[in-house]
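Below, subunit A partners subunit B and then partners subunit C, in two separate complexes.
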Partner chain A sequence: MSAERHIDHSSPMHQFVIGRLNDWQLGGLDVSFSKAAAFMFGAVIVATLFLVLTTSKRSMVPGRWQSVAELWYEFIADMIKETIGSEGRKYFPFVFSLFSFIVMCNLLGMLPYSYTVTSHIAVTIGLALSVFVLTTFIGITKHGMHFLSFFVPKGVPFVMLLLVVPIEVLSYFMRPISHSVRLFANMTAGHTMLKVFGAFVVQMGVFGVLPFALIVALTGLEVAIAVLQAYVFTILTCLYLNDAIHLEH
Partner chain B sequence: MAAGTATGTWPSEYPTTAQLSSNMTNPRHPPSSDEPSLDELGGRISKARYEAGLEKTAAELEALEKGAGADLGAAWRISIEIVVALVVCTAIGWALDYWFGTKPWLMLLFLFLGGAAGINNAVRTALRMDARAMEALEAQKQKPKS
Partner chain C sequence: MPQFWMEDFAPQMVWLVISFIALYLLMARVALPRVANVLETRHGRIADDLDQAAQLKAQAETVISEYEAALAEARAQAQATIAQAGAEAAAASEKRSAEVSEVLAAEAAAAAERVTAAKNDALTELRGVATELAQAAAERLIDSSVDTADVQAAVDTAIQQNASGS
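And now, the complex of A and B:
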């Protein structure tokens, strides 16, 4: 409500304003359906439709579209197999959904007039915290109190442990934060940069051709980053799962 | 690497498409013609992939790693660890100081702890990336020339 009024329409940050699509109140809480929620639903729907439609024929020799779906599946399956091993099979649905959701949010954000959900720390930290809670839960249920040995590196003298254990614990709790900030900062920085150069195109008149050419290149880079950051988020999820399952750094 | 892991421990009731094709074939010994046609097809796909040099764990990943954003991605991955740990830990120290009225000692303590935690995480990330790169290199070396 306040943010929408204070950010100028021409500001490069205006694109990140969470607009409301309606005005719902529930017991004093603001439960309006926002643009962010709409794009999250959109990402889920697009990913689901894409995968269902492309694999509906289930032909033995995949066509172009089915190949894309198979590549998508294999990409995650191989990632889990390499980082976790066969125990990771159980978590395939979770990791696959996570990757699909993030990559779709990022790519939908690259469309003109659209909105990038992952440029909000609230969304990325929500995802990172669910990974954090899940991995910690898995670690504790799988290993019981032995899970705490994760914070005690082997072969360290007792005196040093007084210093090393707090550092290890802090390192562990920093994980969800760096996990989420990485995605959020990349998306926000990239989209802000595009908007800033876009403003240059308008301001520089004829010479606007130069920043315009740069925007073309940057857009390509942003698409690559959209996929890459989804990949990075997912592989870190796999590494954290691996830590919880095998209790090793 | 790819051919090695594909035949690994992934249970068969939940096969990957990579496993489907690798189960059927060994690129150097394409199945004979009296076998079912699916195997033959798998063999041809696998052979073609092998000859085209596509027989990697994740061809898409490979392309990504060579792409423009990849170095940037690696840089982000490591630097964010240090910055986040340092900033967040210092903030925690500051907040604790505020509650306990011990300004500025806890902030200083947490500043150093945060720096250590950040470097701990960054080094770990870098070591993992190194290990991955070494694995890829080994796989490249072991791959026989066809």
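And now, the complex of A and C:
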């Protein structure tokens, strides 16, 4: 059941083909290993090796690389402390893994000839749904039926509630969509744009320096967006966790 | 767009779950405890250093107060020594002046004695001369020898009369 679809090599969309490397099946489930899967593991390995190697000396006065690891750690720790408070400590490894996975996938995608895992809605919706399921599960186990009060804003007249509650419920279930589409759309748009301008460089001959200069600037912007979108995804996760733990808007 | 090729969803999600669980386990079990350990060690060390600094400061303050007490004591002792030395010097000078005045008094007394002795000698000599003169005068007048003892008695009487009369 290998993908039969074909996309032209010169198309700006060609970079988003997941690049199947085999055709593994497991009980009817397609578990083919692909470039996408390889880059996911690449992100896992780079994040782990970075954190382990930079802290190998355990210096009292950190060097540059150890400072990066410590900043990375404290960035997420502070984010959780500020948005959730002390109850958020339990979820620190999850939030940290989520941020590290996304930021590493985004940054690895910035390397030439590489592949951007997070440019696929399948991946981002997978991450967003896991956050959605986790937060809903925490909300229900922590508050039981009282969790439903989350959909009923305080101080709203009863007649208005007939309108407000369905909107609240709908917006709650829209969360994983907006959460995932934001990341996927940013990554796809950025990489498509770089590819389009890259094609211009070739097509315009001598005048190709203009789109080339633009690409240099856009690459810098894309690196910033890679980190920023990882941050946005993570802080939204923290806010959703806070909603589930504290049941407040 | 390859992102909407539905047949690619399943393999991506499968490997996403596997790689994310792997990352979670590696972070939770290996990487995060290491970083946390480094940070905690440093925070502990900083707290220890601050404690030690506070302790040393307290110690330094104790030493300073001890030093100041010792200084005050030394000053008081010096003052006492100075006062004592002054008193001793005064006593010594008084003693010396007493000694000197005693010596002077003794010398004055000796001089007075010498004067008295000289006066007595002179008086005795005067008596002898007066007696001789009176004897010689009387012998010339009466042309006979006069007893020396009588003359002497007469001279003594005259001296005494003269002494009491004058």
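To be clear about the criterion, the second predicted complex is superposed on the first by the 241 of 249 C-alpha atoms of A that agree within 3 Å, B and C clash if a C-alpha of one lies under 4 Å from a C-alpha of the other, contacts with A are read in each partner's own complex, and residues count from 1 in each chain.
Just so we're on the same page, a residue touches a chain if its C-beta (ideal position, glycine included) is under 8 Å from a C-beta of that chain, and two chains touch if they have at least 3 such contacts.
All figures in this text were calculated on a predicted structure; none of them were measured in a lab.
Chemist: Just to be sure I read the superposition right, which of the two partners does A:S100 touch: subunit B = first, subunit C = second, or both, or neither?
Modeler: A:S100 contacts subunit C only, not subunit B.
Chemist: Just checking: does A:V31 make contact with subunit B only, subunit C only, both, or neither of them? Give me first, second, both or neither.
Modeler: second
Chemist: Classify the contacts of A:E168 with the two partner chains as first (subunit B alone), second (subunit C alone), both, or neither.
Modeler: A:E168 contacts subunit B only, not subunit C.
Chemist: Quick one: classify A:A224 as touching subunit B (first), subunit C (second), both or neither.
Modeler: So A:A224 only meets subunit B here.
Chemist: Going by the contact rule set out at the top, does A:M60 touch subunit B (first), subunit C (second), both, or neither?
Modeler: Both partners.
Chemist: Which partner does A:V209 contact after superposing on A: first (subunit B), second (subunit C), both, neither?
Modeler: neither
Chemist: Of the partners subunit B and subunit C, which touch A:V133 in the superposed model: first, second, both, neither?
Modeler: Neither subunit B nor subunit C is touched by A:V133.
Chemist: Touch check for A:E74: first (subunit B), second (subunit C), both, or neither?
Modeler: both
Chemist: Is it subunit B or subunit C that touches the larger share of residues in subunit A?
Modeler: Larger number of subunit A residues touched: C.
Chemist: Under the contact rule defined above, give the subunit A residues that sit at the interface with subunit B and also at the interface with subunit C.
Modeler: Residues 60, 70, 73-74, 92 of subunit A touch both subunit B and subunit C.
Chemist: Show me the residue ranges of subunit A that touch subunit B in the complex, using the header's touch definition.
Modeler: 60-61, 70-71, 73-75, 77-79, 81-82, 85-86, 89, 92, 166-168, 170-171, 174-175, 177-178, 181-182, 185-186, 220-221, 224-225, 227-229, 231-232, 239, 249
Chemist: Using the touch definition up top, name the residues of subunit B that touch subunit A in the complex.
Modeler: 5, 8-11, 14, 16-18, 38, 41, 57-58, 60-61, 64, 67-70, 72-73, 76-77, 80-81, 84-85, 88-89, 113-114, 116-118, 120-121, 124, 128
Chemist: What residues on subunit A touch subunit C, complex-wise?
Modeler: Of all residues in subunit A, those touching subunit C are 1, 3, 5, 7, 13, 16-18, 20, 29-34, 36-37, 40-41, 43-44, 47-48, 51-52, 55, 58-60, 62, 66, 69-70, 73-74, 92-94, 96-97, 100-101, 119-123, 126-127, 130, 184, 188.
Chemist: Using the touch definition up top, name the residues of subunit C that touch subunit A in the complex.
Modeler: 1-5, 7-17, 19-20, 22-24, 26-28, 30-32, 34-39, 41-42, 45
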